[in-house]
Amino acid sequence: MQRVGVFVCWCGSNIAGTVDVQAVAEALKSEPGVVFSTDYQYMCSQAGQDMIKTAVKEHNLTGIVVCSCSPRMHEATFRKTAAAAGLNPYMVEIANIREQCSWVHKDMATGTEKAIILGKAAVAKVNLNAPLTPGESPVTKRALVIGGGIAGIQTALDIADAGFEVDIVEKNPTIGGKMAQLDKTFPTLDCAACILTPKMVDVAQNEKIRIFSYSEVTDVKGFVGNFDVTIKKNARYVKEEICTGCGACLEKCPMKKIPNEFNLGMDNRTAIYIPFAQAVPKVATIDPTACTMLKKGKCGICSKVCTAGAIDYTQKDEYIEEKYGAIVVATGFNPISMDKFDEFAYSQSKDVITSLEFERLTNAAGPSAGKLLRPSDGKHPHTIVFVQCVGSRCEACAEKGKEYCSKICCMYTAKHAMLTRDKYPDTEVYVFYIDVRTPGKNFDEFYRRAVEEFGVKYIKGMVGKVTPEGDKLKVQASDLIANKQLHIDADLVVLAAAIEPDKSARPLATMLTASMDTNDFFTEAHPKLRPVESPTAGVFLSGACQGPKDIPETVSQAGAAASKVIGLLAKDKLTGNPCVASSDELMCNGCSSCANVCPYGAITYAEKEFRMPDRTTKVRRVAEVNPAVCQGCGACTVACPSGAMDLKGFANLQIMAEVDAICK
Amino acid sequence: MQVNEYKPLIVAFCCNWCSYAGADLAGNNRLNYPADVKIIRVPCSCRVNPMFILRAFQRGADGVIICGCHPGDCHYTSGNYYARRRMTALFSMLDYLGIERERTRLEWVSAAEGAKFAATMNDFVQQVTALGENKRLEDLRCKK
Amino acid sequence: MQKITGDILIEKASALLSSGTVSCVLGWKKGEFGYDVTPAVFSSVEELERDFVYNDFCGANFSKYLVSKTRKLEGKILVFLKPCDTYSFNQLLSEHRFDREKVYAIGIPCEGMVDISKVKATVGEGISSIDTDGDNLLVSTLYDEEPVAVDFKSVLAERCINCKSKKHVAYDELLGEEGDVIENSRFDEVARIEALTPDERFAFWQNELSRCIRCNACRDACPACTCEKCVFDNPASGVENKSPANSFEEKLFHIIRAYHVAGRCTDCGECSRVCPQNIPLHLLNRKFIKDMNEFYGEYQAGEEVGMRAPLVSYTTEDLEPGEALTRRDTDA
Amino acid sequence: MRKCSLDKINLLFAEIAKNAVLYLPVDENDGSAVYKKWEDGTAYSNALNTVRSPKDFFFPQTENLMGFKTLGKTIEVIDTRVEPDDFVIFGVRACDVRSFDILDRVFLSEPVDSFYASRRNHGIIISMACTRPSETCFCKTFGIDPAEPQGDISAWKTETEVFFKSNTAKGENLLTALDGILEDCDNNEVDAQKAKINAVMNRLPLKNLTTDGFGGGKTAEIFDSPKWEELSESCLGCGTCTFVCPTCQCYDIKDFNTGTGVIRFRCWDSCMYSDFTKMAHGNNRNTQKERFRQRFMHKLVYYPENNEEIFSCVGCGRCLSKCPISMNIVKVMKEIGGNKGE
């Protein structure tokens, strides 16, 4: 039996508003083991923590129960407090009387009664707690960044800058990501290429950074500090180290009608291609679905024209195994498909385009060399309609669009509208919106300029239908403020498509055992306090894979993720989670049930000698858990028929004591 | 005046990563559900031993619900898949023994589904309340 | 009636003992009344010739004994395994419970074993001897002038009526002819109970389990229950109990026991054979087997060494518990 | 001697059940018989004996001794004792009746087990002479006459009638109370019945089994016999023999935490169990051989040594028919005692 101290937190009025905290403290006083019980306004404050420390000394406490907010919030805080008071940090249990009590129950009597029961359960558990000491494991001082967009680039540069090796795995032939496709960036209107390409070059030239382009992660094993990752380098049929990126092969390639992904299919590329001039690595790649040599064994022109001799039609996919201490996910986003939005006639008319396509149309390196021309006839559009929130904030139609706000569309639409009016003052520009959301530094000023200085016509309301008619696009819309229907004959309609996480994120999350939300965005360990960490130790989040983000936000998160990685890699040893499984070898049958269900391969078997009570010796096979590999899920504890396997911190007896306390 | 209304006792085992966080989110969003639900935090739904469930019934629980991450989302990759098989087997056995199947439930609640958590608990409490007291798996010695 | 005689087995065992291939023999020893045979360790030809027997009452499954005997006894052990015993044998090997190298397994055919309580229900108490005559048992009693003829098939043990296999899935040597896996209706009774109303099911099991005296015979005879220490015997487990103090504890023990062997139980039927209270315990184990077959695909524990039991594997498409129950309802 | 026609037996039961709870053997579906509470319509079994012995009525498998109620850190002791109702057990066989003498010597000697004593005081035993002994019967080995069962009232059954004779004041009082149904009679039919039984007894396969080689003082002689190893070789260590035995009287005292208190109860224990009499240092009988030996040494050597050479086996044969591996006291007596019982 422990000497337990109970500390009931008011959390201001958050708890005290619906729970009689004094009554809780008083009721728990008479629980077995409890020698001290009190309440205080904010247990997590310095004063509250000091109160715990003093009580530990004065009452010789061996266990602490804090009745407060969720353990997900402050368990770590109070464990530190316990440690500072000279107790083992794992002698602390939290009764969650805020999130799971005071905030969900309205009645004081009900709340108080439940808080007491939750407190009793915590006391019952802490009475069975044992001091735990975390195990140690070494750290591989190298980081892996998955995704080579601006998020991945920034993270990699920052980690490398601190002196650690970084590998970037990018599924496309070049790094750069979505930002490389942009023209100008809001709200400063500097050219995306001008600020991105120097960073790409930095990456290429950094000795600490390796780029695995045209590659993907196929397997992840291990755990924080010790990941074993398999990277598949797709065959690009060009020897990367030899190719100089001269482009001679591109000129001679006879297959010239391949839709160019980089320009979103608005122009063509060759079968052997370099996505864009500033690509990094600047190496050609043969598209095996388009190349006649690879498909039919006929052609081979690129090989003939390549003076460097870089072409290799026999190249095979290569699998590389590497060890990493930390993994950063920077898999980014894509605009959603417009297939389901027939009302905007996207598939019927070439002149209905997405904002990203608009971005390419206005880009000097784009299909129209920066001139804003209609894709259908190459004519100048005189009336342009921008439609916001296409598939965003789409509450009613979850299968069509997304419930969330894509966050970046308001600003880039303002940018597009402003730039159009700036370059082509004779153009009428309409923007249809639900709300204009401009929370960001200089964002609202930017939007106001578009309206006030550049005369963009912002109309609150949604476009109902776009109908191609002759060379016009008939736009039917409603103006909610004027409360009337509008009919606009537009030359070009630009859809601000919602953005969604890249499709590669879901399988990656499974490999990483990192959790995702229902929209396939990676979940952070804590939305406020640990926004760049995944709940899976050693996995960090950078950029739009975690949620819609603009460039400034992405870059700051990228830096934050990098600093977390640096903090991890700077350690020589990691102290693990001590709440791991362990087997009582006297009870263990060696039957392998536990190892069969262990997701981490943490359990091995050994033949051990046992001295029996009758003084004979018997050799038996028993399970052994590697505490550095075990993540403490507890699957093995239930698979074990003899109950030999138990989980520290969540032991059978502890959980049953909680059950008993709750049910009594 | 309110007559002594029957209040069931519900034990909810919630995995730390998704469902417990989902319950926290329900709290954050002030989504009400009956105080009859008492949550026990476990690292993963695969930590829930059938013995814990029987124990809860023995000690007077009227319903037991196990909540874990959605299939595919387990923090430990596969824990909830094992939990699903185990609970399927156990619940089916309890049903075979004539114990009301409505007293047990397995639900997937993600960390983002505070609303689902509250709704699930409201629904489960209602379902168990309709059944009344657990008589078939009770241990009279534990009666108050 | 057994097709193979004890004499053939004695001859075989004697030869292996004499040649030094094995150092002892796990076999059946004759008792007082013809039907009360006891598993025994024979270490000489003389003992074999004097006491070894193989008849219609040799139901005991020797596989489990191998766990303790291979640890305790020196040299190789000869064990005679009936077809159903071989499944337990494999299952124990899958669980690394004994050293295969220390065992010489001889598969022997089995025509089904007799449940003596069925014989007694027919002829009454006072059996003085039992002989065979074709398809009949000839039972002499203290009270009948002439031996009473009892149809062999009518007194077969339940598990043998529903025999799942005459095929040996493991052996070093096979005596007699190899049989086949049998189409059987062993799940019919489970299905019948499933089709009852919950109240009827509850009443059925309440009646059955209320007879339990917690002698642990089911557990101690079970070849899947080979735990070094059972959770119910371990005060540190938190669930230890020694007697069924009330109906909850009766259920707890039997649910958990069946759950612990779920996916590992080969359906050998020893639990029901040894229950002094004639509780149909196999219907609990079979329920799990039936469920897992239906939910996760056919699986026969012990069919091969090293198989992954349904509860220690999964697919991402598995049924939810509610779906599983509903599906069973609609199937029924 | 009094008698009652079998036609009227239910009237008799009804009369008894007016003032006491009446238990009697009833047939189960599987052919076995168990003691059940008599209610109108309950049929008396013709089976030789029940699977569980009637010791359960005096020494139940679990029995609450006392309770504690905890409130916070305070403990209150609660008397959980429930005074049993008067009860009558009908149809107890001679062997089982003897078992009460054996249990009495344990539970009623100082210090008296008041729980047991109370049940003994409240219970009346109506025995029943055997009509069809089984091959597993060997009560004669222990000097028990199945034709002359003891108890508060002895009874004999023929094809048409049941005969009663009281042996104790309790028994006589009950028979007197049943005067309206019973009629007086002579001993002739009972004597004829006894003769029939004795004739069968001489044909039983175990008729010649003796206790030679056992009894007080034999410890040194047989304790180290190599036969124990052989006999116990296949013992599963289950408690079947113990729990069906009418004379096994070992129990364990355990506490059950109810969440709001503790119930202290006793429950049957078996010397065959590996944790039997486990102490702080561990177990004093570490192998199944030692545990197996203990059971038979107790019945055949230790108990007689302390109880005027009375063996604590009554030859009821339950362990012979119920042991999962058919190992039993007869096989032990034959192997160790050196008499073949032929």
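Residue numbering begins at 1 within each chain, and the chains themselves are lettered A, B, C and D in the order written.
The rule we apply is simple: a residue touches a chain if its C-beta (ideal position, glycine included) is under 8 Å from a C-beta of that chain, and two chains touch if they have at least 3 such contacts.
In this text, all values refer to a predicted model and were calculated from it rather than measured experimentally.
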{"item": "Selected pair, greater C-beta contact count between B-D and C-D", "value": "C-D"}
{"item": "Centroid-based (C-alpha) most distant chain relative to chain B", "value": "D"}
{"item": "Central chain (by mean CA position)", "value": "B"}
{"item": "Length of the line joining the C-alpha centres of chain A and chain B, rounded to whole Å", "value": "30"}
{"item": "Whole-Å gap between the CA centroids of chain B and chain D", "value": "47"}
{"item": "Whole-Å gap between the CA centroids of chain B and chain C", "value": "37"}
{"item": "Multi-partner residues of chain C (each touching 2 or more other chains)", "value": "231, 239, 245, 311-312"}
{"item": "Set of chain A residues in contact with two or more other chains", "value": "597, 639, 652, 656, 660, 663-664"}
{"item": "Sequence positions of chain D contacting 2 or more other chains", "value": "256, 258-260"}
{"item": "Touch list for chain D against partner chain C, complex", "value": "28, 30-32, 34, 48, 51-52, 61-62, 132-136, 200, 203-206, 230, 233-234, 236-240, 242-244, 252, 254, 256, 265, 267-270, 273-275, 320-322, 324-328, 330-331"}
{"item": "In the complex with chain B, residue positions of chain D that touch it", "value": "256, 258-260, 263"}
{"item": "In the complex with chain D, residue positions of chain C that touch it", "value": "31-33, 36-41, 60, 65, 116-118, 120-121, 124-128, 142-143, 211, 213-217, 219-221, 233, 241-245, 273-274, 276-278"}
{"item": "Residue ranges of chain B touching chain D (in the complex, touch as defined)", "value": "59-60, 141-142, 144"}
{"item": "Chain C to chain B touching residues, read off their complex", "value": "190, 193-194, 198-206, 231, 239, 245-246, 248-249, 251-252, 255-256, 258-259, 262, 284, 287-288, 291-292, 295-296, 310-312, 314-316, 318-322, 324-325, 328"}
